[in-house]
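Per-chain numbering from 1; labels A, B, C and D assigned in written order.
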Amino acid sequence: MIRVSVQREAFDIAAEIGALEASGVGALATFTGIVRGGDGVTAIELEHYPGMTEASLSDICEAAQERWALTGCTIIHRVGRLDVGAPIVLVVTAAPHRAAALEACAFLIDRLKTDAPFWKREYRGDTALWVEQKASDVERGQDWDG
Amino acid sequence: MIRVSVQREAFDIAAEIGALEASGVGALATFTGIVRGGDGVTAIELEHYPGMTEASLSDICEAAQERWALTGCTIIHRVGRLDVGAPIVLVVTAAPHRAAALEACAFLIDRLKTDAPFWKREYRGDTALWVEQKASDVERGQDWDG
Amino acid sequence: MKLVYFARVREALGCDGEDVDFPAAVQSVGDALDWLVTLSPRHADAFADRSKLRFALDQRMVKSDALVAGASEFAIFPPVTGG
Amino acid sequence: MKLVYFARVREALGCDGEDVDFPAAVQSVGDALDWLVTLSPRHADAFADRSKLRFALDQRMVKSDALVAGASEFAIFPPVTGG
C-alpha cells in the first residue's frame, strides 16, 4: 500500500499511522521533518513540480518496497509558506519486522532529499533566499546505492 | 529531555510526538511495535521488573543522548495482556538533524530488546508459552558496540 | 517544445516557462542549453552555471546528454532541496 | 538476601521470590547458583540450564562472576524478550 500526497494543509500523524497499523503489521516507523529556525530564519516557502513530484514520491516508495518487505509506505510533503516549527514532511513505513520499517524509513527520506522536485526558500523577515542543496544529502542518497 | 514509562494503558502517539516537537527541533523519528499475530497467536502478556525496567529504559536513553545530538527521547512500553494488533512499544527521538533522530531511534529499540527486563508470553487460545530471546536481536544489540 | 522553469531558474528568467522550437542541430539537453543561452542576456545568465542545473524530460530526471527529441515537456531547475 | 524471580524462573519455582542466607562460601553469582540448586528439586530444575539465566544485583544486570556481597536484592530471570 503506497500513499503519497503533496499538500498545503498540515498532516495528521496519528491518522496516517493508524491507516498503516490497520494493515496488521508488527513494526511502524515514522520520520517527521519540522521547519527549523536559527540563523534568523522566520519561515520557509516550498515550490514543487506538480505531477512530477507525486510521480517521483511514488517511485521512491516503490523502490523501498522492492528492497524491503513492507506492507505499506506513506509520504506526505507540504508546499507553500510554512512558519518555523511547522511539520513539513512525514514518512511512515509498516513492515512485519522492525529492521525493514526503520531502514526503509531512512531510505525514503534520504531519497526524497535528492530525487523529489521540491525547492525551499528561507525567509528572514522580508528577505527570501533559495536554499542550496547540501553535499551531505547527496552523499547520503548515494550511500543506498553502494 | 528523557521520558520513560512502563504502563498498562495504550499510549497516544500524537501527544508524545507533540511533546518533543515543542522542543523546537528539525527532525522526529518514531518506532511503534505492534503485537503480531500469525502462528496461531491470539494475545501476549508482558511481565517486567518494576523499578529496574524504568531505570534500564532511562539508561538506554542516556546512552543514546551521549552518542547523538538529541533534544529528547521517549520510550513507552506496555505491560500486561495485549491482543494481536495492539501497540506495545513506542520510541520517539527528536534532534536538530534527521540522521541523529533516525539512528538513535533504531539504537533505542535494538537496545531495549536486549537490555530492558521485559518477558513476553504468547497465548494461543488458553495455552501460554514464554517467548525465547532471538539470536538476531542479540546480534543487532551488539552491532551498536562495534 | 514546452519549457518549464522552477525556483531560482524561474526567477532568473522572470517566467515559469515558454514554448520554443529548437533548431535541428539541438539533439541533447546540453545542445539545448548551448542554444538557449543565445536567446537573451537573461537566458545567458540563468543558464550560466550548469553545475547548478538539473533537467527533466516529460517529468523524468535526465542528464545533460539525454536526447530531447520526442519529449513534449522539458524542465530546467536547480538541485532539489525538499524534506 | 532477597531473591526475586521473573517469568519462566518464577513459574518453575512457584514463587516470585524468597529470603535466603547464603553460606560464607558463596561469593559470586555462580557460587550462589551452585548452592541454590541444592535447596530442592524445584530449585535444581529451575536453575539447571544456566545459559538460559540472567542476573541482576540491586537492579543492575551482572555476569555470573559478579560478587553478591553487599547487594540487598538478587534477581534471577530468563533472557529478556520485550519490545
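Note that in this section a contact is a pair of C-beta atoms (placed from the backbone, for glycine too) under 8 Å apart; a residue touches a chain by one contact, two chains touch by 3 or more.
These figures come from a predicted structure and were not determined experimentally.
S.K.: If each hop has to land on a touching chain, what is the smallest number of hops from chain B to chain C?
M.R.: When the steps are counted carefully, the minimum from chain B to chain C is 2.
S.K.: Find the geometric centre of each of chain A and chain B from their Cα atoms only, then give the gap between the two centres in Å, rounded to an integer.
M.R.: 23
S.K.: Measure off the straight-line distance from the CA centroid of chain A to the CA centroid of chain D, and report it in whole Å.
M.R.: 49
S.K.: Taking the mean of the C-alpha atoms as each chain's centre, how many Å separate chain C from chain D?
M.R.: Taking the average C-alpha coordinate of chain C and of chain D, the gap between them is 73 Å.
S.K.: If you average the CA atoms of chain A and of chain C, how far apart do the two points sit, in angstrom?
M.R.: 26
S.K.: Do you know which chain C residues sit against two or more other chains?
M.R.: 83 - these are the residues of chain C that touch more than one other chain.
S.K.: On chain A, where are the residues touching two or more other chains?
M.R.: Residues 33, 98, 109 of chain A touch two or more partner chains.
S.K.: Assign the assembly's chain-to-chain touch graph to one of these shapes: line, ring, star, complete, other.
M.R.: Line.
S.K.: Chain pairs that touch, all of them, please.
M.R.: A-B, A-C, B-D
S.K.: Enumerate the contact residues on chain C facing chain A in the complex.
M.R.: Those in contact with chain A are residues 4, 6-8, 10, 56, 59-61, 75, 77-83.
S.K.: Touching residues of chain B toward chain A in the complex: what are they?
M.R.: My answer: residues 12-14, 17, 21, 24-37, 85, 87, 96, 98-99, 101-102, 105-106, 109, 140.
S.K.: Within the complex, which stretch of chain B touches chain D?
M.R.: 33, 46-49, 51-52, 55-56, 77, 88-89, 109, 112-121, 130-133, 137
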